[in-house]
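Okay, structure first, notes after.
Note that the chains take the letters A, B, C and D in the order they are written out, and that residue 1 is the start of every chain.
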C-alpha cells in the first residue's frame, strides 16, 4: 500500500473544484481548522463554493473575502473573543454570499445523519425560532416548512422536529498528528471532526505532525479517524495559524486582528493575499512568513505537555520527504 | 468534593433493587463487562430484573441461571467462540425469562436515543425481518407494529423505521482505569459503553485500576466517561474474569467453559455460587479464588503494552483504602 | 469600592449559579461569570463547554475561544459537540447555562444572527448586519433547566421585538413556548450592566427586579427599548464583596472586565 | 493434499474477498476466512470488526471474540459499535461482509435467534432452543454491498423456511427485498462445508454453483432441506493451493479448522 502523503498544492488541485460542496473546520472558531488548506484554495482561485463551515472563523472569512463562496451552511461564524469576521460580513451583507443558519448541535447532528446515511436526524432543540421558520436558501418560503420539518413520533404521538443530512463532497480536516496512511489523533475537543470524517465523500487531513504508525498502535483509542476513511494526508506544520492547535501553539492574537481587519476591503484582502498566501510555496517559506520569533512565542502554550507522550514518534521533514518521494 | 469510591457491597446495595431496569456490559460478549458487580448482585439476591444486556455473556448467563431475570433486551447473547450460554438458555427455554431481540447496531442506537433524550432514533438496518414483526414483550401482536415502527421521511416521502430509546435505571460499566472522581479510560473498543454512560439514569463504574487524576489530565481525549456522569466507582481488580480486559488480562478459557457448564442446572449453579461467589468478601479473597498461577497466566496477554503509558499513575490498594476511609 | 459595571454584572450573574449544579458557559463574559462562581461559592459544579471540555479551569486569563488552549490546559476530559451540547445540554440534563445576546426582547428571545432593515418582512433577505450566528445558544435556551442571559444594557439591544429569533425565550409570551416539547423551562433572568430582570408570572414579560448602586431605575428604563415594568419588590442588588471581587479578578487575569465601564 | 472441509470452506469464502475492499468479519470461521484472504491475496483490504477494531491482525490464533485480546494487540484504531456497524456498515459504505448462520433458507434468510416447535405460529412463544441472537449480522445483511454466508452443510440447517428471520436475505424471494430501502444488495453466495450456492436471477433462490473435490452434487442435495436446484454451469471448486493452505494455517494457528471435518 502506498502511503497517502500529498503536497498541499497537489491535495488542493486534486480534491477541490469550483462549485463543490466543501467542508472544513468541524472545530471551534479559533481552534484547529485546516486554515492552510483554505489559503491554498484561495491561491488556486477556487470559486462558487458551497461551504459547510462549522464553526471556523478565519478560513471561512478568507474564502468569503476572496469572493469564492456562494453559499454557507453554518451555526456560528464569529471569531469568538476576536469579534465578527469582516470578510464574511462584507460578502453576506452585500448579498454575494448567503448563509443558512442552524444551531451548533443541529449542525453536528446533520453531519451525524450524513455519516450514518440516515434520511434525517431527530432534534430536541434549535427550532421554535426563526432558525426553523426562515431559510436563506429558500427566502420566498415563510414559514419554511422544509428546513426543520416535523414528523409524528409513533411511540408517543407527539411531534418531533427532524434535520436533513449533510454529505459534503470533500472535507479538509485538521488533526494534530497523522501517520502516513491517514490514521489520525486530535488533541483537544473534537467538536465534530469525527462526524465530518464519516459524513464527507472524500477526506483530506491537514496534520501539524506526521508520526510513525507505531504511535497509533500504542494509542489506538486516540485514533478517532482511522485510515480507512482518509484519502490524503497533507503535512503542514503551524497549519492552523493564526488560530490555535491544542498541545502545539496558541492563537496569534496580533495576526487574528490584523487578518480580520484586512478582510474588510478588497484592497485589504489583496494585500493580505500577496503577503500571506502568494508569498510562500514551501513549508519552510511559510514558516519564515510567520517568523521564528512569533513561532517560539506561539509554541509557549499552557497545553504543551499534552504532546509529551507522542514526541518520540514524530517524523522529521526529511523522513516525510523521503516517504513522499519513495512512492 | 468527596471522591466516589464505594465498596462493591455498598455499591450493589445502594444502586440495585428488585424489579429495576439494570444495564451492564455495553461491551462485547467475552470482553470488558462488570462481571464482578453481577456476582455481587447474585450474592445479594436481586430478582425480577429487567436487564439491558448488550452483549455480555457470562454476567447475563449468571443472572439468568440465578432466576433473577424476568426480561432481557439484547442483540447478542452468545459467548462467541465459547458457545451458547446455558444459564440463559435454561431460563429462556423454560419461559422463566423473556428476551426481546434487536440487532447490535439498533441496540446501540436505542442507547444513543436515550442519551440524547430523543423520542426515537432512525434505523437503516435491522428490520424487514422477524426482529421487526415479532415481539417477545408483546407476543400476541403480529406483526408487532410498535416494535420498530415506520415514519414518513419528510425530505423524500419514503418510509423510515425508527427505534425506541433505552434509559436504564442504573448501568454498571466496566472500565480499565478510573480516578476517584469517576473519570474513566477504556482500553480496547468501547462497543457502546460511551452511549450507555449517558443513557442510564445512574452510572456505577467497576474499574480494574484506580489512577490519579493526573493521568486524566495528561490524556483527556481518552477520558470518554467524565466524572459528571458517574455516581460511584468500585475498585475491583480482575473484575471482568473470566472474560478479558484489554491491556490487562485474557479470557480464562478453562473457567469460561466450566462456568457455562455449571449454569446448565440449578445444582450446578448452586455449586458455582458457593465456590465462586459466596467464597469471598474482600478483593484479596476474590483474587485467591482465581488463584495466583492463573492470574499470572491471564496477565500474559499480547495487549500488555497498551497499559504502559499509564502505569505510573496506578494507585496501590493502600492508597485506595485510605481515600475511602478519609471521606 | 472600585469596580466596573461589567464586574458587577459578572458577579450578579455568577451569584445565580449554585453548588453542585451542572453548568455550561459560553466564551467571554459568561465564562468569566461562571468561573467566578465556581471559585467563589458554587463548589463542586460540573461545568463544561459546548465542545466537551470537562473539569477545566482557565489559566492565564480569559480564553479567546471555548476550546482555546487557556481552557484546554488542565481539562480532565475532551469530548465533542454532540456529547456536550447534545447528551448534556439538549437532553435536558444540564441545570443552568449562561448566554450572551446582541439583541433581546421583552420575552427573553435572543437574536445573534443578524440585523435587518425591515425585520417585519417575513421573506428572508440578506441582513444589513451579519452577526455571529446562534452557536450553541439554542441548545441552552431550549434545554437547560434554567438559563441566564447577559448583555450590555443599551436601548438598541433591548428591543420590543428582535429582528430574528436565534434562540427562543418565551416567544410571544405567556405559554407560547409550551407547544414545543423543549426539555428546558426558559430564561430565568437577564443580567445587564445596569440591573436584573426576571419574567413576570403568566405573561412571561421581563420586568425589572434589581438595580445596582451604580445605576438607577430611571437609567435602566431609559436604556430599555420597551416600556419596562418595574417589579413591586424591586431591589438594590448588593455590591460585590471584597472576596467576590478578589475571586472574580483571579479569574479575569487579563482584566477584560476592567477595560471599560 | 491433506485438508479438512472447514479449511476448504474458509478458503472458498476467502477467495471472494478482493484487494482494496472494505470488509467486515465476525468471530470464528468468518474471521479466519477474512484474515486468510487478507494474507493471501486481498492486499490492502480495509478490514474492521463490529466493535471498531481497525487495522488489526490476530496474533496467537483465532480470537475468542471480536474484541478479544488476540485481535486487539496490534490495532491502529479502537472505536465503537455505532462507528463500525453504523457509519461503516449500515451506512452502505462497506463492500463485503462474512456472516455465519444456524439456519438458512433457500432465499438466503438467516436465523440465529431460536428454534421453535411450531414456527408457523405467528405469535411469539418461548423458543424450544435459544440461539445467540442476531448480533450485527442484520447490519451486514441489510447494508453491505454484498455478503457471504458460511455454514456447516447439514440438512437441519438448510431448511425450506427458517423459524425466524434474524437477518434478511431475499425474504420471500424475487424482489421482496426491494420494499425496504436497504443500502445493501443482498447475499452474494453461501459457502458451506460441501459447496457453494448463488442466487438464481429473478427468483433469488439459492442454487448449487460449486462442489468440492471432497463432496459431490448428490451429497449436497441430500444434505439440503429444500429441493436444491443445480446450476447448468455448476463447477468443481479448485482445491486449496499449497500457498493458500499455508496462509490459512498461518492465520489458524490454533488449528480450529483442522479439529473436525
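Heads up, the rule we're going with is that a contact is a pair of C-beta atoms (placed from the backbone, for glycine too) under 8 Å apart; a residue touches a chain by one contact, two chains touch by 3 or more.
No experiment lies behind these values; they were computed from the predicted model shown.
Novice: On a C-alpha centroid basis, what's the spacing between chain B and chain C, in Å?
Specialist: Here the centre of chain C sits 40 Å away from the centre of chain B.
Novice: Suppose each chain is reduced to the average of its Cα coordinates; what separation in Å results between chain B and chain D?
Specialist: 28
Novice: Nearest whole angstrom, what separates the Cα centre of chain A from the Cα centre of chain B?
Specialist: Whole-Å distance between the two chain centres: 37.
Novice: Counting only residues that touch at least two other chains, what does the list for chain B look like?
Specialist: 116-117, 124, 158, 160, 187-188, 190, 220-221, 306
Novice: Could you list which residues of chain D touch at least two other chains?
Specialist: Within chain D, the residues that touch at least two other chains are 72, 78-79, 82, 86, 90-92, 183.
Novice: Chain contact topology under the given definition, line, ring, star, complete or other?
Specialist: other
Novice: Could you please write down every pair of chains that are in touch?
Specialist: Chains touch in the following pairs: A-B, A-C, A-D, B-C, B-D.
Novice: Mind listing the chain B positions that touch chain C in their complex?
Specialist: So the residues of chain B in touch with chain C come to 1, 115-117, 179, 181, 183, 198, 213, 216-217, 220-221, 223-228.
Novice: Provide the residue numbers of chain B that touch chain A in the complex, in ascending order.
Specialist: 113, 116-122, 124, 146, 149-156, 158, 160, 162, 164, 185-188, 190, 218-222, 305-306, 308-309
Novice: What residues on chain D touch chain A, complex-wise?
Specialist: So the residues of chain D in touch with chain A come to 22, 43-44, 46, 48, 54-55, 72, 74-79, 82-83, 86-88, 90-93, 183.
Novice: Across the complex, what residues on chain B touch chain D?
Specialist: 27-31, 55, 74-78, 80-82, 84, 88-89, 92-95, 98-99, 101-106, 108-109, 112, 123-131, 134-136, 138-140, 142, 158-160, 187-195, 244, 246, 250-251, 253, 256, 301-303, 306
Novice: Along chain C, where are the residues that touch chain A in the complex?
Specialist: By the definition above, chain C touches chain A via 27-28, 49-53, 59-60, 62-70, 72-73, 78-82, 84-86, 89-92, 109, 113-114, 122-139, 142-143, 164-168, 171, 177, 179-183.
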